[in-house]
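Note that chain A is present in both complexes that follow, paired respectively with chain B and with chain C.
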Partner chain A sequence: MSIVLQFVITGIAVGAVYGLVALGFVIIYNVTGVVNFAQGTFPMLGGFIMVSFAGAHLPLPLAIVLDALIVAGVGLTFCALAVLPFREARIPPLIVTLGLSLSFEGIAFFVWSFNPLSYPPFSGSQAMFFLGAAVYPQTLWVIGVVVLLVVLVYAFFEMTFLGKAVRACALNRRAARLIGIDVHLMAFIAFGLSAATGAIAGAVITPLIPVTFTSDVSLAVNGFAGAIFGGLENPMAAVAGGILLGVVGELAKGYIGNGFDIVAALVLMLVVLISRPQGVFANLFTRRAVA
Partner chain B sequence: MKLVGKLWWIAPLIVLAILPRLLPSSFALTVLTLISLFSSVALGLQLLMGYAGQISLGQGAFFGIGAYAYAILAVKYHVPPWPALLAAVVINAAIAYIIGKPILRLSGHQLALATLAFGIIIATIFNQAAGLTGGALGLGGIPHLSVGSFSFDSDLRNAYLAEGFAAAMLVLAHNMMRSRIGRALQALSANEQAAASLGVDVAGHKLHIFALSAVFASLAGTLYAAYLSFISPDAFSIFTSVEVLVMAAVGGIATVWGAPLGSAAIFLLREGLDGISKGLPSGSQTVLQMIVFGLILVVIMIFLPQGLTRGLLSYRSSRRSWV
Partner chain C sequence: MEALAGVDVEVHEGEIVTVIGANGAGKTTLLNAISGMAPLAAGGILYCGQRIDGRPPQAIVQAGISQAPEGRQLFADLSVQDNLTLGSYSRFVSGSNLWTGYTRYLRGRRELERELEDVYGLFPRLRERRGQLAGSLSGGEQQMLAIGRALMSRPRLLLLDEPSMGLAPLLVKEILSHLNELRSRGITMLLVEQNANQALKVADRAYVLERGRVRVHGRAGELLANEEVRRAYLGSRQFSTRRPGEVRGNPDADGATA
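On to the complex of A and B.
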C-alpha cells in the first residue's frame, strides 16, 4: 500500500509539471493555432539555467525570476519564427517548432554537456512520512508552485483586460482583429507566458528529477498527451490530464520498467486521440476559452 | 515533342547504370545505397505532406517495422525472403490503416501527434522486446534477397538493387499523380471542401496515401535489413523520422524529384558534419546533426516552404517569363 502511495505522490509532483506544460501548450494552441512541438524546451532550459544560477550562488527568488524572464525571451523568439512568417497555422509552423526543439537540445548539450544536472532543494531534503510513504519538502514546493501558477494564469485570463483580449483571440482570431485587438501582440503574450510558466515548472522539479539535454522529449510528450485529454483546447482539463499522466507514468515505471512511463502516456494519448478526439474531460470543464 | 519527353527518361537511367561502377570504395557504394533507400522513405512522406497536407513523424518506425518484420520472420521463423518482405508490407499497411482511419478525419496536426506517439512506442518495443528483436544489441544473420541462385550479397549488387527500387518508386509515384487518384489528390490538396463537393472521398484518399507512405518506408526498411544483414534499434529512432522529414522538406513537398535530391543532400551533409565534429567530445556527432537539421527545418519552412527543387524551379521559370 505504502509503495503505491509513494508512486502516486511522486506521480502527482511530476504530473503537476506535465500539467503546467500542457497548460502552456493549450494557451499557445488556442491563441495562435500553432501546435508547439518545442513546448518541452521551456522547462528544460528553465531547469538548466537554474542549475547554473545555483552554481553562481544567486538568491533563489531572484534566480527564478531571471530564469523565467530569459526563457520567456526564448519563447518570444519562437513566436517570431513560428507564427509571424506564416499566414495560416498549418503544417509549416509545426515543423518550425520541431526544428527549434531539435536545435535547442543540441545547444543545451554543448552548453551543459550530457550529464544529468541538479541543484539543492529549496528547504532541505528531510523526508516527512505520510502513511508510510516518504514526502520530500521539494515535492510540496512543486505542487504548491504549480497550483499558484495555475491560479495566477486563471486570474490573468479572467480578471485582467489584457487577459480577456488574449481570450478573445482564442475564441475567434478574425473577430478579435476586427474589434481592434493586436493579434500578433496576443500571440507574443501567449508564447511569453507559456515559456515563463514552463521555465518555472522546470526550475522547481529539477532538485527532484535532474535535467538532461533530452528531458524536453518526455516533458513535451507528456504535455501533449495531457493536452489531448482536454481535446487540445480546454486548459483546466489539460492540467488534470497532465497530473493523471504523471501518476500513471510513475506506476508504469515502478511496476513495468524504466522507460515505460512515456509508453504509458503515449498509449493513453493514442487511445484518446482515436476514440475521443474531442477530449475526455471536455464535459467536466465545458468552457472553451483560455482559462 | 512526345518522343523527346520519352527519351528524357534515358539520361537518368544511364547515370544510375554507370554511377555504382564509378564509385571508388565500398563505403561510397554504401552511401549510395542508403541515399536510394531513404529517398523512397522521403518520397512517401512527400506524397503525404504535399497532397494530403498531413505530416507523419512515424516514418522511421514504419521503416523499422519493415526491417524488423523481415529480419524476425527470416531469422527466427525461417520464412523465405520474399514472403517475409510481403508480410512486412502487409503489417505496415495494416498499422497505417488502423492509426489513420480515426485520426485523418481530424485537423492537420493530430496525425503528427499520433505518429510521434506511435514512433516512440515502436522504438521502445525494438529496444525492450529483446527475446524477439535482440534488444539494444541488435539482430544479425539476416539473409540477403536473392533471385534464383543470384544473391544480392555484395555492395555493388545492393547499390543497383537500391537504385532500381528507388527509381521504380519514383516512376510509380510520378505515374500515380497523373492517374485518376492523383488528380483527386491534387484537387483535395488545393481545396478540401471543393474536392469533396465534386465527389472526391477526402478521408479515404488521405488514408490511402498515408498507407502508401508506410509501404514505401516498409520496403526500404526490408531492403536495408537484407543489405546490412544486421540491424539495431538506433537506426529506427524518432531522430530517423525527423531526418526523413528534413529530407522531404529540403527536397520539396509535392515534387517527386525532391526526394532523391533531399536524401542525397542530407547524407552528404551528414558526412561533412562528421568530418567537422571529429575533434569534438564523444556524442557530438549526432548533436551537431540535430542543431544543423533543426535550423534547416526552420530556415526552409520560413524562406523556401516549397523546398529547394520547387524554389529553384520557380526561380528559373520566373526568370524565363521575365525574359
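On to the complex of A and C.
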C-alpha cells in the first residue's frame, strides 16, 4: 500500500508540472489557434538555467524570477517566429513549433551537454513519512508553487482587465479586433505567460528529476495529453489532466518499467481521442485563423 | 472578389444614415472597410477631414468610430459587464504600450463606472443581467449589449450592422427607437439594414446598395415613398412573394469578408 502511495505522491508532483505545461498548451491554443509543440522547451530551459544560476550561487527567489523572465523572452521569440509569419501562409505553425523544439534541444545539448543536471532542493532532503510513504520537502515545494501559479493564472484571466482582453481574443477574435484589441499583442502575452509558468515549473521539479536536453519530449507529450483531456480549450481540465497523467505515469514506471510513463500517456491520449473525437480532432485540425 | 464597386456614401454630423439592400449587396463589407477590418482596393475613407483608410481597427476606434457588428459577435463566456468594459479597451491601451494602458485604466476607472451607468441607463435590461454570461442573453438583449459595447469607446460615429437581425418586430422597434436617443447625445450613426422599412423610418437619409453599387439615394422619407424601392425592398403586398434575398442575393459577397 505504501509503495502505491509513494508512486501517487511522486506522480502528483510530476503531474503538477505536466499540468502547467498542459495549461500553457491551452492558453496558447485558445488565443492563437496554434498547438505549440515546443511547449516542453520552456520547462526544460527553466530547469537548465536554474542549474546554472544555482551553480553561480544566485539567491533562490532572484534566480527563479530571472529564469522566468529569460524563458518568457524565449516564448516571445517563439511567438514571433511561429505565429506572426503564418497569418496568411498554409504551412501550419505547428510544424514550426516542432522545429523550434528540436533546435532548442540542440542548443541545450551544446550549452549544458548530455549529462542529467540537477541542483540542491530548496529546503533539504529530509524526508517526512506519510502513511509509510516518503515525502520530500521539494515535492511539497513543487505542488505549492504549481498551485500558486495556477491560482495566479486563473486570477489573471478572471479578474484583470488585460486578462479579460486576452480571453476576449480567444472567444471572438473578430470582435476583439473590432473593439481595438491588438490580437498580436495578446498572442505575445499568451506565449510569454505560458513560457514563464513553464520555466518556473521546470525549475522547481529539477531537484527531484534532473534535467537533460531531451526532457522536453516527455514534458511536451504528457502536457499535450493533459491538455487533450480539456479538449485543448479548458484550462482547469488541462491541469487536472496533467496531474492524472503524472500519477498514471509514475505507476506505469513503477509497475511496468522505466520509460512506460510515456507509453501510458500516449495510450491515455489515444483513449481520449477515440472516445471524445469531436472535442479534440475538430479543434486540432481545423486551424483557427491566426489573427 | 470585389464586394463594393465605386460606392460613394456620405454621413454628416448628427445624422442617422441608413444603407439598405439585399443580403450580399456589400453592406457589411462597407462597414468593415470603414472599421479597418477589410482593406480597400481603391478609393478612400474621409473622416473629419482626414483619410482613415489603411489604419488598423484600433486606430479607427480611437478616432471615434465604433461598430456593433452583424450577428452581435459578443464574448459569450464573459459577463455582460465584462463585455461592456472591454468595449473601452482602446481608450486605455494604445498599440502595445501596456504599461501606459494600465496606468490610464487605473486613473480612468471612475469615469468608466459612469459610462457603464450611462449604458445601463439606456438599456436597463443589461443592468439586471450585468453578472450573467453574454451567451445566455436573449437575442434582443444581445443586440443591446453589442450596441452598448460599441458605445463604451465613446464613439462620435456608430456603425450598426443589421441590429434587427433575428429579432421580433416589436423588439426591432424598441432597439431602433434608442437610436434617436443616441443622436441626442451627439452620436452620428450609419445603420446597415435588410429591414428597409424600419430603417427608413428612423433614418434621415438612405442609400440603396445593390451588388456593390449605390442604386438610389436620397432622403429616407422619399425612398420610403419611392415605388421602385418599395417594390424591391419593402415587400409591397402584390410582390410579397418576391423576397429580395432570393432574387438579388449574392450570398458570397458578405461571406467573403465576414
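In this text, the second predicted complex is superposed on the first by the 273 of 291 C-alpha atoms of A that agree within 3 Å, B and C clash if a C-alpha of one lies under 4 Å from a C-alpha of the other, contacts with A are read in each partner's own complex, and residues count from 1 in each chain.
Note that in this section contacts are C-beta pairs under 8 Å (C-beta built on N, C-alpha and C of every residue); 3 or more make two chains touch, one makes a residue touch a chain.
Here the structure is a predicted model, which is why all the values come from computation and not from measurement.
Applying the stated contact rule after C-alpha superposition, one finds that A:262 touches chain B and leaves chain C untouched.
Once the two complexes are laid over each other on the shared chain, residue contacts for A:179 go to chain C alone; chain B is not touched. Applying the stated contact rule after C-alpha superposition, one finds that A:94 touches chain B and leaves chain C untouched.
More residues of chain A lie in contact with B than with the other chain of the pair chain B and chain C. Judged by the touch definition given at the top, the superposed model places A:270 against chain B, while chain C stays out of reach. When the two complexes are overlaid on their common chain A, residue A:161 makes contact with chain C while staying clear of chain B.
After overlaying the two complexes on the shared chain, residue contacts for A:221 are found with chain B alone; chain C is out of touch. For chain C in complex with chain A, the residues that touch the partner chain are 35, 37, 56-58, 60-62, 66-67, 69, 73-78, 82, 85-87, 89-90, 92-93, 95-96, 98, 101-102, 105, 149-150, 153. Across the interface of their complex, chain B is touched by residues 35, 37, 81, 85, 90-96, 98-107, 109-110, 114, 213, 217, 221, 224-225, 228, 257, 259-260, 262-263, 266-267, 269-270, 273-275, 277 of chain A. On the chain B side of its complex with chain A, the touching residues are 49, 53-55, 57, 99, 102-103, 106, 108-110, 112-114, 116-118, 120-121, 124, 127-128, 238, 242, 245, 249, 283-284, 287-288, 290-291, 293-298, 301-302, 305.
Interface residues of chain A, counted against chain C in their complex, comprise 161-162, 164-165, 167-168, 171-172, 174-182, 185, 188.
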